[in-house]
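Please see the structure below; I have some questions.
Order as written gives the chain letters A, B and C; numbering starts at 1 within each chain.
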């Protein structure tokens, strides 16, 4: 097991290296310059050149990249050009809001998606099943940037129940969590339904039924456990998506998380911050993947990791 | 049992939290901005929001009133002893928020910073002070600026927030706890999406803020910004709201109030003068005659603008009514024919020539660009609107990789803006002459206008300059937008300033 | 998969008729494709027809779906927009499939180092924030339809590659393929004749879902200011335009919003139904 984990962690290195290289190249290709952002409209060409030199932006890209690798190996992600603070500190400040939001969205998805899928599976073919699955389909087809404002309009302004955007107090999590969690809830409900349906015809279910157990005990005790495996996969994968894909929702709800930090960094051409963030985001995606794989072993002891 | 106690505590805490939140809001004003200020250090404030923040937190030698006229702030008075020697007298009662007096030494150190040669991080603001030979602190309340050459525009540059001398020569300030300031407010906390200011109890050079706290929310998304205003999470939003919402706000949202006032800004259509088509005067004149400003102002800007005929708005003391281009499509067609661009098929689908019009992805800017394109298509010019993200747009404009574009000049206080926009030495990226317009006669006039002291003499020069620019059309001037604000009806005494600054907040009250 | 062909065909037809998902899905998709093809004939106005004085006007007899922020007729914009929307979605998926299936097949067939190298690239791209790639490509290439297509497929091909690879790995162990390999057959011909026909089922199902996914992603790019700017505005761009006047002109968000929902919904229905019919034992986790 430990060997497996170590091997997987080792395999992350080339991926991380690849990601950093691609980002490093990409960000320098984008037209525009952080120097313009810092000095504003009224700067002279001399000032711009001086600042470019002092930031080290006049070096060839290859030098900048190799220097960056060295820096990263020392555990230093450098300083943001615009915000003048260490990249690691900026990321650390923004991690919690995003992780909290991702968890809240995941809770919404689990609390809605799994029971919905379960009932649909048990009542497969019924009107409830058809209705629930159609709604689930509809939910995936609403873009977040539209769902968010609609929820704000309805629940904050029309009913006045919830804050528009704040991240101060539990009630400010509800709307962004629903915005982000809705699509995931519908994916989960469909997954749960299919997974349970497949298991309902297995031998062990028939045995359990034959023993005279009520249907709900059969489903909850036996089927759900076995149906959980693909769910864990999808939850793990989607969590990674939630982490790095919160950009739209964070922008709509003015959420001080990683998504909005990345968006600002790109707009400002803040090279070190973009590079550092992409490195951290992709690393966390890879780690979540690893954890997902590991959790298979917990859910289903038959699975051996190799 | 234990669980139940925990639940009770949690509920109590929750109630306490909610209560606390409402209690806090009593003595608050909250405003929303669309972007965070880049810096809290006045020496480096170059973007609009940093300067608005600077104006709230720091005191400067001079300030601008509601109409954009220069008035004293920290300076009680100032006097030109010679064309190169400016004496500034400070208000003796001025104090920093930590209690010590603001003296001429602090002023000298702040302005000396721009003369320092090997600063780790140079400030773009130093460009305004290259003409300064020496700053001298004569006594506690008198500062003398010695200039290398006469510069009548110099006083309007003295807007830098004064720092105490020990900070003024130090590194760039990033920690709000270290900030010392002499403005109506002091920095309380600076977070990514929220800046909290509190009233400076030592402020004595002008009326002290009526409300204890001022919160600036940074909300990037316009829809969300407006939703917060409607929900009451924000009290005031100035300018950064779609004009479509302003149009019928009194009908839809009686709890909101719209304020409007003439602004100091000019939107223009810029041309690359090195372009073989747009370099021709007739073509630019034809375009000027083909744009229906009134239509755009009425339907897109919702009446919140007046048509422009100069770089200076009519409320500017240097404004001269010069060449005026009325809507005249027949004239446009004739001018284009004269320039040698015949329409191949009259009213048919073929065009005389194609132009690429670059703009930002901002929705209003894009809507205007499409409207202008539609208007120019009527005289047989095919305009392709190309929206770009700001960074790319700026890079293209500065590199001259552009044919036609539109932008605005905002917040200028002196007609010297003409030199920045049109003189040969101001070719981008050195200055704001992005269209690379070059005219020797104009260059000389611009240089003269900067040196001559005395309103009347200067006015004559700028009259001549405005006539030349109006005739040569390096820009087609579009309109001057009004500043506008939407506030909650609980807000009283909020006033709009011509340059968009928030100076009236200290008098603003929230019921 | 191993059933005799004739039986499979009858089941196909039967399911086609019975399944309401298919009839609904096909109806919507055919309708939208029809609109896209005949947009110039169906549109009540010319694209260049702009009347600023009618900006944001609600639906009326002259403008059935109202007027947008530019003063253009919304019905006209929607009809022409269906062209760009479908073009981006279909092209992106095609490009992703071509790339993904090729790379996935090569990886799955070759195995060993080639496989792990290609899969590392897939890992890198999957771990990469797509928005950054999109911004870069859109900035460098200009905000055109093709930049958006390239930007989305640049990361989109990875899922197709994974599916193709998994299929190839399972198919290549089958008897007839093993036999051909053992006899030293030309690998390219082998892939074309023996492997590709066997893996098309999950790929088609994937493609159906992918098209609906791209429509949503493209809409989000428009929201972030990275949408295509040439040609008629896509439905995503129209929806984003409507968002800024959500209350003042609700028709501007309802019309494109419903259109997007209808198309995405019917594509998902079709994908689901296709999967059930073509590939009943497949893993439904896409």
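Some notes on this structure:
Simple rule for what comes next: a contact is a pair of C-beta atoms (placed from the backbone, for glycine too) under 8 Å apart; a residue touches a chain by one contact, two chains touch by 3 or more.
Model, not experiment: these values are computed from the prediction.
The touch graph of the protein chains shown is complete. Distances between chain centres, each the mean of the C-alpha atoms, put C farthest from subunit B.
Taking each chain's centre as the mean of its C-alpha atoms, subunit B lies 44 Å from subunit C. Centres computed as Cα averages put subunit A at a distance of 22 Å from subunit C.
Separation between the centroids of subunit A and subunit B, computed from CA atoms only, is 38 Å. Shown for subunit C are the residues in touch with two or more other chains, namely 135, 139, 243, 246-247. Multi-chain contact residues of subunit B (touching two or more other chains) are listed as 223, 389, 391-392.
Under the contact definition stated at the top, the residues of subunit A that touch 2 or more other chains are 30-32, 149, 153, 251. On the subunit B side of its complex with subunit A, the touching residues are 14, 17-18, 21, 38, 46-47, 120-122, 124, 126-128, 172, 174, 191-193, 217-221, 223-224, 227-228, 230-231, 233, 389-392, 394-396, 398, 420, 429-432.
Residue ranges on subunit B touching subunit C, taken from their complex, read 222-223, 242, 244-245, 247-248, 252, 295-296, 298-300, 361, 363, 367, 370-371, 374, 377, 385-389, 391-392. Contacts from subunit C toward subunit A in the complex involve residues 120-121, 123-124, 126-129, 131-133, 135-136, 139-140, 212, 216, 219-220, 223-224, 236, 239-240, 243, 246-247, 253, 257, 260-261, 263-265, 268-269, 283-285. Only residues 30-33, 36-45, 47-48, 50-51, 54, 82, 84-85, 93-94, 149, 152-153, 156-157, 160, 163-166, 168-170, 251-254, 256, 260-261, 267-269 of subunit A touch subunit B when the two sit together in their complex. For subunit C in complex with subunit B, the touching residues are 48, 50, 52-53, 55-56, 69-71, 135, 138-139, 142-143, 225-226, 229, 241, 243-249.
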